[in-house]
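Letters are used for the chains, namely A, B, C and D, taken in the order the chains are written, and counting of residues starts over at 1 for each.
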């Protein structure tokens, strides 16, 4: 390979810039040219492709978001769209592509690979929900954003002796709620992986009150239900007034933590190595403390499992 | 005076603990005993009053919330409630009271003063909406919490080239929206002090797009309308898709900024000085860079004015 | 005036970028062209001058440092250097210049003004030591950086029951030490404005120990003496072992606080207004809560006074 | 076992409180009484032992430092000291002890275990230097503190086009320097594990300058040499002026990151499980993404290895 590309796709996540920097510089280190594809698959179709030098990725390792921008792209789901993409890749003299994003982005990368253009996937999403890797880029930063929010809300919960419901991201995966709940000392954590049991939750709240617990934090992943809905259920059933905080978009941004920058650097560099071996259809990950690469289809055909031991531990410790 | 009390009331705000510390230690410095009244006016009625030594307020200057707790209290609005309060104050040997809170708390303090028990008010609220003082304790911290959120959201807004609406606190006062909007580089700021003009806003959005501006931040104070309502209006009228973030309760908590700790310290100390002169019915504030005290009734009979020059400047700079 | 310039000079301070943004956009708002002069007076002499559009200062309000760079320049102190500068200014069609920096930068601006080229000064320095203004751009951010450091060190001081000395910036002005000491709950504050009294300090330390105070924080401005020197004095005299932390360069950087962004915006905008009136030799400041402009020579001929009431209060509250 | 104790020893590290909370609550969950031993081994000898309920460890998971205090203790290194400790443990009805700290603390725990009193070790140190575990409690927080400092200093380095030397903790282990250097985008990282090569470093600095790199960050672990010494070497040899920042004690404190809170919780809970099985002389750790326990002697007889692949990667990416 003589020239490779890199793009970011799907929701942005902190640490994507560290991964972009690693792809560009690792490529240059190996004597390969690197081009940035701007605005995801849409930009690929439109040919928004530009050469990147080492200096173009200077001073970005500490920035949230993605310097290459991201966008949704319906057209790329069609054969016509994918053919246009392949055309642009050839026209720009690219031999391989690193795709940084979530499982949707991987599907696109696999489609290109199947059409004969080798792609490697790097897991960038705050949801930590990609099968085959223990961590995704952005999860650690989002997690710390959530616990800072919990710490702030706890000040008010304690001062006013109130129960707060905090809704965090996580449609299908409870990782963010689980880790944040344990780290934030939440009394209750509701995740999509566990059947919602209103009775049990009310029971815990009321037992807590009887033991003298005057404030309480409930973390709910958006995939279970929204915070306001939960508040209504609790009020109806147990006549306990709650306050709701929906953390929303602040969870996506911010300067990446050290871990997300290191993860982004490791993953981006490994993606280049794998690509330079000429192999497409691989995804990069961290498995049992080792950087690994594996068949990319695993990432969207298998299921990510949350670490349920954290769930059990949280219940034991929030007595 | 030989013994004075201190209580916090209404919504908690960061820096209240600095003010409590200042009241306790300044009192002790002047040879006066200081008692903490827990859980606001409700705790006063219930007699939750405890002596406080210098060590009891150690290691709290950096904490959000209020060590004395806060609570709503309907009973205190009645004659019977106020009489019970006076009884408790006498029973506990108190000669004066410092009340830290917003305008609602001041009304209570004035009621006690009129019944012959001298109270002094210290402005503690993130809304910065108390007439007679340029700043309230907690405003600076809330403001910095808001701009950190804006900075995070801007990462995503830029990466995805989207328009975001951020709803901040402020039912009647636009200070938080105004300062945060200017400091956060928001393109549009909507505050209760200014008539909402949908046409003008849409016009600015569209002009920005024509000039090549691909993302945009709109700050709206909750007193104008809620974020989702605004999003619908924009979508209906201009067919511009937006994302909404409601910052909510995270704005109240957190470790206070340096300024809020200094303000809390200055105000708490001055409150003790005023009280020891035997005068009740005074409120403490910062006016033209000086710590002042003034007739407390001013705080709930007059109107707070936001600094509209910030509004004008923000419009000029967000071109 | 049809075209004005802006430069930053001296040590960088957080909020300088907000001021640059305000100068550029306020100028454009008034129909004037604005050029950035890069790398301070050295860049001016070398003609590193470039036109700036509204978009060139987008996304910088939240960044520390200065987008225009800064540098020392011996040559500019000479007549020859200043004449070269005037030449470059004329060659680039500039009619006026906004200089953002400390008192050294103001001297340069005054020299140009005396040579017939109108300059206006904007106070950018973390030291808060410019006569004629109550606050300088960057002070609030540096202050919050210092108290975050104090909060961290207090964790260890408390856990190990130790005395810590924290050395902060401030060669001639004690503002940073003073505010940070009060806000950080320091037991002792040493500033250049106050005669250093070893006996009194030791006395306070020992009295504290007798009252059961097991840890202690001493804040010393670098202008008094360095932290290690102080540690030796305390060890020799009172046989108290201390730990020393020199905060150093972290005090200059970081994303500016809301206040520094607002201050930078207000000052930059006002500087443009003053300049467009055709007046040079003025400095911008905040005096008694009002943005003001005043004779620039005041800034380097008079003396800045620290607010000694904070010093007294800190002593009263750290019992 | 019916009653177990917990103590913290050695330098404090963020997340120790999460571990204490986990030990106390997990013990109570299993029906065992838990006592806190205050001020490390010194407090153990002196019998500063107090029962702890679930509520005693409420609201501490987010605090830096250690609620149980820590202290050095020469006496405990003697037979006499250890016998006194055993006596106190028996007198207080304790059947086992969890010791949270570094390798020095583990030696003490092993000594007690050999005397027939079962102890389990939990790795709490910011240095990440305990053999047998991939991570120690506090490392992640210290790491993030360091990169925040690097980010701040980079603002000034960039604005003034200067070379900065940042000295971080790490006498024997380079983990902190290594991770921070990679995550902070440092141009050069000096760690004790690698022979210091002045020529190579100067060479890199000069090549960077020739390529137009105008500022540079060098991270040096204190175990290699101190920052000022390094600055002199560089100035003498290459006539490059540098600025030095010694981060010092701020690296130990601060609210723990999410990861350190989770690690502390997992480790504390597992320590209780191991202890309740009646086994002493075990240390808890994280190995290949699994919580493990292993022979405690390994922790002070073997050598911790830094992940040198990070070192190589950093060199490749800082071109």
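The rule we apply is simple: contacts are C-beta pairs under 8 Å (C-beta built on N, C-alpha and C of every residue); 3 or more make two chains touch, one makes a residue touch a chain.
It should be emphasised that the depicted structure is a prediction, and the values quoted were computed from it without experimental measurement.
Any chain bridging subunit C and subunit D, meaning touching each of them, is missing here; the list is empty. Two copies of one chain, subunit A and subunit B, touch each other, and the residues they use overlap strongly: the shared fraction of interface numbers exceeds half.
Distances between chain centres, each the mean of the C-alpha atoms, put C farthest from subunit A.
Our note on geometry: subunit B versus subunit D, Cα centroid distance of 39 Å, whole angstroms. For the pair subunit A and subunit B, the distance between C-alpha centroids works out to 35 Å.
Here the CA centre of subunit A is 28 Å from the CA centre of subunit D. In subunit C, the residues that reach two or more other chains under the touch definition are 151, 154, 158.
A complete list of chain pairs in contact reads A-B, A-D, B-C, C-D.
The touching residues of subunit B, when paired with subunit C in their complex, are 18, 21-22, 25-26, 28-29, 54-55, 58-59, 61-62, 134, 140, 143-144, 146-147, 151, 154, 158, 179-180, 182-185, 212, 255, 257-259, 261-262, 265-266, 269, 287-290, 310, 313, 316-317, 319.
Residue ranges on subunit A touching subunit B, taken from their complex, read 8, 11-12, 14, 39, 63-66, 69-71, 145, 149, 151-156, 158-161, 164, 243-250, 252-254.
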